[in-house]
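Two complexes come next, and they have one chain in common, chain A, joined by chain B in the first and chain C in the second.
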Partner chain A sequence: MRVYLLLIWTWTRAAARYPASFTLMTIGGCVAAGLDVAVIWIIFHNTTTLGGFDLPEVMFLYGSAGLSFSVADLLFGNADRISQHIKAGTFDGMLIRPVGTFVQVAADRFTPHRAGRALQAAVVLAVALARLDVPATRAWMIPVMVVSGIVISTSIWALGGAAQFLLTDAPEVANAFTYGGATLTQYPLSVYGADLVRGVTYVLPLAFVNWQPGLFVLDRDDPLGLPYWLRFLSPAAAAALALVAVYAWRSGVRRYRSTGS
Partner chain B sequence: MPTIHRRFLAESHYLSLYAQLVGYGFRKHATYWGAAAAGAFTNTVFGVLRAYVLIALWRARPGLGGYDVTDAVTFCFLTQAYIGPMQVFGGGLEITQRIRTGDIALDLVRPAPLIFWSLSEDLGRAGYLFLARSLPPTVVGALLFGITFPSDAAVWPAFAVSFALGVVISFGWRYIVALAICWLRDDRGIAVMSLVLTTFFSGLMLPLTIFPGRLGTLARALPWSAMVQVPADVFLGKAGIPGALGFQALWAAVLLALGALLTRAARRKVVVDGG
Partner chain C sequence: MIDADRIGRSFRVRGRAVHAVRDLSFHVGAGEFVGCLGPNGAGKSTTIKMLTGILAPTSGRVTVAGLDPSRRRTAVAREIGVVFGQRTTLWWDLPLRDSFQLVRLLYKVDRVRFRERLDEMTDRLGLGDFLGTPVRQLSLGQRMRGDITAALLHDPSVLVLDEPTIGLDIVSKSEVRAFLRELNTERGTTVLLTTHDLGDIERLCRRVMLIDHGRLAFDGTVEELRATVPGEASIEDVVAHLYLRSPAPRTPPPRPGEDPPIATA
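Up next is the complex of A and B:
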């Protein structure tokens, strides 16, 4: 942990050496993420509800998912560069250092401008909450779901990274799950097909990033009629997925064969 | 007579040169078929997610923007299919790298104009990515959700022309963005800006037909709509063919002309820098 902080601080200082570029990239990230909000705005310009949810509710789901995902992306998203490290041979160097490989890969070329997206998502979440008026008896779930969401997103990054030990040539496949998961959770899951929702509830637990706990915060019935107690399972789902991710990453590293010099 | 004959020879020589460059572009990308397959997979997954959102919207508002639900789903998978050939997320040109390393000086003194040289390679790239990254999402979309195909046979050749023009417009825009580095020094800022403009105003995120009021009018007049929205509308039969193709041809000509002007300016710039 201490090494991780030291490494990301080093890369942050490196990025700060180019202040103009850094500012542009941060703003660019904000604007690029803001496009998703523009899309939601245009959708709600044409309709009043989407999948049974109105604009502030969708903004709440978008903001909470976006916050979880972008914090995970900021801190650990570089794990998807593992295939580049394998190809370039720099992964060998990481293996002989006395720090965990995941920490090293995640911290390498740490890009602090991704914080712009987290900020943007936080603003959307704050605006949504201001319009939703959630009582404290349900609001306590919000920090729980954001933290669980960060753990789930990080685990998916790690799983995507681990998969690249097998698919060195096709790192884009992992994007379908990492960025795909981020896109999926932006909207109420009620817009998706029932089979897809069951898949992201019971197999890859994306529904626990914001959907199930979000239903509790919004005090809504599950449009798909899944059990009520699922709403409280986010921390458990996050812990379970994290364990799987750790196991996958370790077996990926164990399976790794250096290409030699 | 001999001069004409010589000119004819020179021109046919150029043509075969460009044809070869198209072939090289195709083969270069065909080497990385794994990356293309992964890209096709990702494009398909995102197509499915987008399709569900559009279906939910069109269920709430049937007939929105002149599309029915099937049209909207078709639009979704068609536009996902354009991501590869039209290189909607930007890049795809080697000149960015070559400007940074200075190799561009060599390219500028070649006997064929840089812009046509790059365009030929890019057409080859687009040709390969059409096979590798456009067909799979379309087929999966058709199997999972069902999409509409043109009932009028005349639409197919028009769509082929419209698709090709879309690639040329995409190239024209990316070429300008790439050359802009000669003046801006850093490519990342403008790359992000280009990404934002292209994804939003091309119709990739939502059909431009449902953009409200003036924003919609503006979006439909900009070159990015000629990249994605217009070829999709030609396929769906929602646009008059001569008007759509004329609009695309106009933007293609404008962007290529701008690119040629920038190339001339860049040539002077490079000479100054290179000393």
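Up next is the complex of A and C:
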């Protein structure tokens, strides 16, 4: 972790030598994120509830999922460049270094421009919380869910990266789960079909990023009637997925075949 | 330092197993300078990749400094320096100096020792003029010197180089050679290199290994290599002769338009 932080700091300093590009990319990230929020406003302009949730509640779910996802994206999103590294042969260069390959891929060419999205999500979350008035007996879950969400999102990236050792030409398949998952969790899961919600609860645990623990924070019944204790399982789901991701990444590296010469 | 015990590596290509390396055994002792020859596609690079932990052997066992690179990759990485002549391990967009900083962080080299080592290498390899230049703007000779420096900043006991002189002009080539020779004689660093340049072999290597069709076709001194073909053959002729020999028959067939070699006194 220390090596990782030192590496991203070095890359940040390198990126800061091109301040114009750096600023533009950060602004671009904020504009894109702002448009997302605008979509929520437009929806509520036409309706008062979304999947049974009112505006501050939806903003809470959106903000917490967005924060988890964007922090993971900022720190480890570069892991989806693994197929480029494999094709260009630069992955060989990583294997000769005494540091884990996931850390190296994630830190490679790190730029902090994705921080704009995390900031935007944090603002949405803060606004939602100011309007919700959550008591401390339930508010403790908020940091737990954000951290679990970061771990879950990072694990999905690692899984997507691991898949690219097999499907070198299909980073888009992995992105369907990473960015697709992020979009999915922006809205209350009750707007989706029951089978999809069960899938993201029991198979790919996206429901634990914000939905299940969020129901606890908001003190709401599960619209689908899933067991009450599920809402405390986010850390366990995150740990389990992280283990699977570590295993998958390692198997991916073992299957690595390198390139010619 | 390096022990390969019947190592093999096969790849599955469209459902068929292709053996890039098979049953290769050799030992490289501390302080040796070994050159590895072989035609294109003979399995030299695959062998280097198995020694450095990039590829796991599909059979046999290899150890470097007593460690298995496929199981203890990061521990082996601390012991060895690796240079690929065909592609840089530096970062394309970063100035050479920043690349070295990243290498320092990856190997956790202490700041003071890093400074000393970099100053020494800058002096010996003449890096001073282009430390601030992004790697993509360096000439091949400059880049190679940068790559060699990066591989040695953590002061490894073994240096493995895959075609370090490929494409270099005569001056760069002789500078790189002089540096490697000094590294081996003064610091006692074990060096293993692959090359197609017989000048590297004649000027640097006390020992030659010839890999062909994934097998070890010859292992011995340069003099012994020359003696495999009777007569006053040049080293080029000897090596070409060995490459042309098909791996199955043990007796070399006469080359077209030539009489079988006759032993002379």
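Here is the rule we use: the second predicted complex is superposed on the first by the 261 of 261 C-alpha atoms of A that agree within 3 Å, B and C clash if a C-alpha of one lies under 4 Å from a C-alpha of the other, contacts with A are read in each partner's own complex, and residues count from 1 in each chain.
What we mean here is this: a contact is a pair of C-beta atoms (placed from the backbone, for glycine too) under 8 Å apart; a residue touches a chain by one contact, two chains touch by 3 or more.
Because the structure is a prediction, the values reported are computed rather than measured.
In the superposition on chain A, no contact is made by A:P143 with either chain B or chain C. In the superposition on chain A, A:S258 makes contact with chain C only, not with chain B. Touch criterion not met for A:G225: it reaches neither chain B nor chain C. By the touch criterion stated above, A:V3 is placed in contact with chain C alone, chain B being left untouched. More residues of chain A lie in contact with B than with the other chain of the pair chain B and chain C.
Of the two partner chains, chain C is the only one that A:A14 touches; chain B does not reach it.
When the two complexes are overlaid on their common chain A, residue A:D92 makes contact with chain C while staying clear of chain B. Judged by the touch definition given at the top, the superposed model places A:G100 against chain C, while chain B stays out of reach.
Touching of chain A by both chain B and chain C, each in its own complex, is seen for no residue at all.
The touching residues of chain A, counted against chain B in their complex, run 20-21, 24-25, 28-29, 31-32, 35, 38-39, 42-43, 45-51, 167, 169-173, 175-176, 179-180, 183-184, 187, 190-193, 196. Those residues of chain A that touch chain C in the complex are listed here as 3, 6-7, 10, 14, 89-90, 92-93, 95-100, 104, 108-109, 254, 256-258, 260-261. Residues 32, 34-35, 37-39, 41-42, 45-46, 48-49, 52-53, 55-57, 60-61, 64, 186, 188-189, 192-193, 195-196, 199-200, 205-206, 210-212 of chain B are the ones that touch chain A when the two sit in their complex.
Taken together, the chain C residues at the contact with chain A in this complex read 11, 45, 49, 52-56, 73-75, 77-78, 80, 82, 84, 86-89, 91, 93-94, 98, 101-103, 105-108, 162.
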